[in-house]
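You will see subunit A twice below: alongside subunit B first, and alongside subunit C after that.
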Partner chain A sequence: MEPGVLIQILVWGLYAGCIYILLAIGLNLIFGVMKVVNFAHGELLMLGAYATFWIYTLSGVNPYLIIALAMIILGIIGVFIERLCFRPIKGTGKLNEIFLSLGLIYLFQNLAALLWTTDSRSIHSPYSNVSVSVGSVRLPLDYIIIILFTIVFLIAFQLFMKRTTIGRAMRATSQNRDAAALMGINVERMDMLSFALGSALAAAAGSLWLISGQIVDPYMGSIPAIKAFAVVIIGGLGSIPGAIVAGLTLGIAENVVPLFMQSFAGLLGVSMSFTAWKDTIAFFILIIVLVIRPTGIFGEKGE
Partner chain B sequence: MKLVRMNMNMNMNMKTWTGIISLILAFLIPLIFGINQYLLTVLIIMLVFIIYSSAWNLLALSGQASLGHAAFFGIGGYVSAIVANTLGMPPIAAIPVGGLFAAFIGVLIGLTCIRMREWFLAMVTFGFAIIAHTITTELSWLTGGWDGIPAKRLIPVTITNYIMYEYYVILLIAVAVVVIIYLIAKSRVGLALQAIRENELEAKVMGINVIKYKLMAFAVSAFFTGIAGALEIHHFGYITPEVYGMDISFWPILYSISGGLFTVSGPILGTIVITFIWEVLRAFGLMYERFILIGVILVLIVIFLPKGLVSVPEKIKSRLQL
Partner chain C sequence: MKMNKKYGILFAVLVVSVLLVFAASVGQSKEPGVEEIKIGIVAPLTGGASTTGTDMWQSAVLAAEQINAKGGVDVGGVYVPITLVKGDTETSRESGVKAVTKLITEDKVDLLIGGFSSGITYADQVVAAEHKVPFIITGASSPIVTRRTDIDTSYFFHHCPTTDDYPEATLLFVNEVVKPEIYERFNFSEDRPLRLGVLYQDSKYGEGVYEGIKKAIEKHNLNMEIVSAEKFKMSETDFRTVLTVIKESKPDVVYVAAFLNEQTLIVTQGRKDVGMNTIYLSVECNDDPDYYTGVGRWGEYSIQESRFSPYTIPSGPIHEAVEKFREDFKNRWGTSPSMMGASTYEGVYIAAEAIKNAGTLDKEKVRASLAELEMPQIVEVMQNGVINFSSDYRESKFALYMEQLIWNESVGETRPKIVWPDSIKETDFVLPDWYEPGSSPAATATATKATEECKTLWYFDEESLKCQQKEFCGMYMYKGLRTFETEEECKAALDKYLREKGEEKETPAPEEPGFEAFLTIASLLAIAYMVQRRRK
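Entry: the complex of A and B
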């Protein structure tokens, strides 16, 4: 394989990994604080992408500037989901959370289909024709901006969690809910905030997905979401560095493994394409990890 | 446990009578309404999904809520269609083959899931449906890829009133499946599955072979799901990878929850009621609104009626007593 092609694939992997990381960190935060898994997280990504698409087509502003607005909108939606759906069923069992999420998936997917039809949508970022030369390879500027954006998000998120009072209160709640409540932290408000923040991060992921030139449709959310779950499980529930490492690994593996398999099959004299398997790689990793460690790699906390 | 038993006995009479009356009605429908193609098609699909939801619910009885049952639905359908096409078997003989193959895959998937708890099991089963979809589209020489393959009709279309015969055949199969699932749920196996769901460790301590029963639940559930899938595609006359769709995995969950999780009558009642709502909404020409409404119904039921529609009479009764 040519080194240039490999670099290109690595950058694609990094870019895909960034989307997974943003989703996974939101899931991690919600799980940490509320001990709830929202299976409809991918639908928040989809709504975030549509919010950006919609505002961009109406206003024509640089789409990178719209991300903040999309995050605020989804943050508000997140608050409603927490208050109206997840809070009433708190403590009634994990199966109920799963079933409730399914209802939300139906609701959001078809709401989006109703509002924006099921046509695939895409936008052109103002930098879509610009690319940067690194040695012999040309990388799209948008991918590089997205990787930088993700780094900025991650640093801001980390600072928020470590340095601000609210961030500390959230971490305290996720460590020990009862103790945090006794210390005067309003844990229900922390639930709400974690959901808002998680949804906003999903919106950021969705917006970046759209801006990078990918197509958006109402049913796009479930695959990235399930991959984000894989990232959360592989990286460890509640671990942010784990999510980053696992997200990047998955993003790169998805792009590299089909290519390696293709060249391997080529060596055996078979010409086969494995690109159709791209979306299943996350599941194979997930299944292998869970067969070895049924509670996930750092699962003790979760159970 | 004892309390549950007593409650069951009390409702037994009423429930048996409702069951018998609805069964008689089901047999009379073609006689009352005539051979109505639309009505019978709706009812056939409803019966298929009664089988499917009951099978899903049996697995849920053991505490394993699968989000990827479309894998078994699709595998049963494809195997049955391929077997019927290549070996020239009549569909009615090929359908059990599809079910058996689905059960075999079910045991394999069950083995990987045996130690997983709710969330992880949900994700992994969801993943298996996507893997099954990918394998099917990749094996295009066998499965026709994205275009799918034709499947023989259960009853040849050339026979007059074939749809009526098809309805009766599927009705008989559905009744048989529901009776079998009822017997399983009420037997020691069913009790063992419930014990595992309530507390796996305690069940193990009580001497229940958890792995054996969990795998058994997976196998039986996958078998009947495969049968349902095969029946559906032999009714439609073709099969495409769409049978692995996410909504195919979600329907039995919706039906079981709205009817009543972990009960035998729940999935049946849920399928009938939701199908009715669905068809009424279709008559109004609604498309996405139907799905939105279904989503809202699911959310509301999980929050306000977690035991499903079968618990409504009890709820009313306790209200009246107050």
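Entry: the complex of A and C
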């Protein structure tokens, strides 16, 4: 394989990894603070993408500028979900939480089908025709913006979590809920904030997904959500650095490994296509990590 | 005495019950279909393919209404109306089986029509075979649905081109028209095989097309070489890596076997992201208004195999019939029919004709009548102008045609033009300037030079609605960009564009669904929140 081709494929992997990271961090944040596994997180990505599509169609402004608005809308929806759905059943058993979030998947999918029909929707980025040359490789500007956006976002997120009072309070709640409550932290408010922030991050992922030229329909959330769960488990439940490392690893691996497998099969004289094995590879990595380190790369015991 | 009275009451209840059951069974044993012909429409009315499913249902309703308006179907001298029953497969195999089971056992339909997706039909046809119910399959393309040997397929009639038919027509066209154009421009030797890249869905449909490609090459001894054959999972959205691999194999043309959402992304990502400037060959299910909107300018000059197009009608005897069907459909439903709708519409007429010829609703006799059917083509061009089912696998044979997507300035989208066969073609095939062939370094160098040539042009786009001058190099395009040689041309086009846009604004466009519903839901959530707070 030529180096140029490999670089190009690595960039596709990085792009995919960025979407997974944004989605997985939100999922992790909600789990870390509330200890709730939200299976409907992919549907928040879908709603985020629809929010961007909707505002773009109505206003026609640069879709990158709409991301912030989509994040706010989904943040508010996140607050409602937490207050109306998860808070009332908190402490009544994990099974209730699981079934509630599974129910939310169908609710949001049907809601989106009602609002926007089941037709696929897409938007065209104003930079869709612009490419940047990196050596012999031409990379579309949108992917570079998405990668940079994710980096900036992760830095801002880390600063928020480490330097601000609310961020510290959220971390404290995540580490020991009872101790945090005894120290005067309003843990219920932290639940609400973590759900809002997690939903906003899913909206960012959905918006970037749409702007990069992907399509949105009511059922699009399930596959990215499954990948995000894999990222969370590989990285370690509740671990933000783990989600970053696992997201990038998964994004790159599922793009590059099939090609290596194909080359290897070629060396053995077998002509076989492995490009449909992307998901298999993602879950193979998941199994390996769980066998070697059941708590995930950065996970702690007891999570 | 008391005991006797008790037993008497019990005996009376028993007698009444037996009489009631007897009366009910007498009612049920009445010959079904005397008052109506019950046809089950098997279609994905909900789920991922609900748009297609709804279209199939609406087309069937239109056909049934047209037949009923003329008094119904002549069944042994008595005119009987058609009643359609919905069988929603929910775009899944499990629900497909449930829907067909319900149609047969509860609704007691006389016949089934529809069956979108080979995978779903493969699962649900088992139930129809078991109950020996005739099934006119109008939406599954895999030939296996009438060729499998694990069930009795003699009740299945395939009125839809198969995955063997698509590649055969497409590759014959490529061999006759596209290949000579490429070879002439790049001075390729006739001996050089045409390099074919294949990207197909990892499903019965995709694999069927891939097998069909291999069969067509062998059957017609075509000088073509498959340089890459890659597959992807159904509903995949990221094709960049697989397209990069295909590009590396240096194909002259790329044959894609995908569904609409996938096809849109494959062509867009292939041209925009990966820079694979080739001719993309598409399967007929993508000849749909949503595809033209979604793919935008990136789809320009790609090839679409078809049998019923939303934007063009082949000249010839069925031209008027197609126009009437479209008009009737639009008057009834307010939209345009799709390809799957057209074949389902025909399916109802086929069923009516077969029942009429059989003179009864007896399923075995209707099956025999379908096997011997011979009726004129309706809204799709058939081989020899006749609808009949082959004696071996009960497949009807369509006359497929090829379209090329040409940019239409007035609508800001591409539109298909028939380029093959010669008997019905609207225009000649165009090999675009930006086209890059596969191997042969010399030829590639020439092509690269051609695409990197710079030209100063006048332009405007949706972002800046004024005529400006700029140097365009290589392939430079995006949705809304229009380029012109002279300033006058640019200004005239801009004036026209602004006028049309103004008119568009004046005409109330169909509203994007959402705003009111969104506000309603938000209000409900807010009320629920307030109620909950108050309760606390």
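The criterion applied here is as follows: the second predicted complex is superposed on the first by the 290 of 303 C-alpha atoms of A that agree within 3 Å, B and C clash if a C-alpha of one lies under 4 Å from a C-alpha of the other, contacts with A are read in each partner's own complex, and residues count from 1 in each chain.
Just so we're on the same page, contacts are C-beta pairs under 8 Å (C-beta built on N, C-alpha and C of every residue); 3 or more make two chains touch, one makes a residue touch a chain.
Keep in mind it's a predicted model, so treat the numbers as computed, not measured.
Q: Quick check on the superposition: with subunit A as the shared anchor, is it clash or fit for subunit B versus subunit C?
A: Because the two structures are overlaid on the shared chain, the partners are seen to clash.
Q: Looking at the overlay, what does A:Phe39 touch: subunit B (first), subunit C (second), both, or neither?
A: first
Q: Is A:Phe99 in contact with subunit B, with subunit C, with both, or with neither (first, second, both, neither)?
A: A:Phe99 sits against subunit B, while subunit C stays out of touch.
Q: Touching A:Thr164 in the superposition: subunit B (first), subunit C (second), both, neither?
A: neither
Q: When the two structures are overlaid on chain A, which partner does A:Leu259 contact: first (subunit B), second (subunit C), both, or neither?
A: After superposition on chain A, A:Leu259 lies in contact with subunit C alone.
Q: Does subunit B (first) or subunit C (second) touch A:Ala276, or do both, or does neither?
A: Both: A:Ala276 reaches subunit B and subunit C.
Q: Please work out whether A:Phe80 is in contact with subunit B alone, subunit C alone, both, or neither, and reply first, second, both or neither.
A: second
Q: Using the touch definition from the top, say if A:Leu114 reaches subunit B (first), subunit C (second), both or neither.
A: Both subunit B and subunit C are touched by A:Leu114.
Q: Taking the options 2-10, 128-136, 290-298 or 344-352, which segment of subunit C carries the C-alpha atoms that clash with subunit B in the overlay?
A: Only 128-136 shows clashing C-alpha atoms.
Q: Does any part of subunit A touch subunit B in one structure and subunit C in the other, and if so which residues?
A: 88, 111, 113-114, 219, 223, 276, 279
Q: Going by the contact rule set out above, which residues of subunit C touch subunit A in the complex?
A: Against subunit A, subunit C makes touches at 47-48, 50-51, 202, 229-233, 235-238, 240-242, 244-245, 248, 260-261, 264-265, 268-269, 272-275, 290, 294, 296, 463, 476-481, 512-514, 517-518, 521, 525, 528-529, 532.
Q: Give every residue of subunit B touching subunit A within the complex, in rising order.
A: 60, 63, 65, 67, 112, 115-120, 122-124, 126-128, 130-131, 134, 137-138, 246, 250, 253-254, 257, 261, 288-292, 294-299, 302-303, 306
Q: Could you list, by residue number, the parts of subunit A that touch subunit B in their complex?
A: It is residues 37, 39, 85, 88-89, 92, 94-96, 98-100, 102-111, 113-114, 219, 222-223, 226, 229-230, 233, 276-277, 279-280, 282-284, 286-287, 290-291, 294-296, 303 of subunit A that touch subunit B.
Q: Per the contact definition, I'd like the list of subunit A residues that touch subunit C in the complex.
A: Listed in rising order, the residues of subunit A that touch subunit C are 1-2, 5, 8-9, 12-13, 16, 54, 57-58, 80, 83-84, 88, 111, 113-120, 122, 124, 126, 128-129, 131, 138, 140, 143, 213-215, 217, 219-220, 223, 255-256, 258-259, 262, 273, 275-276, 278-279.
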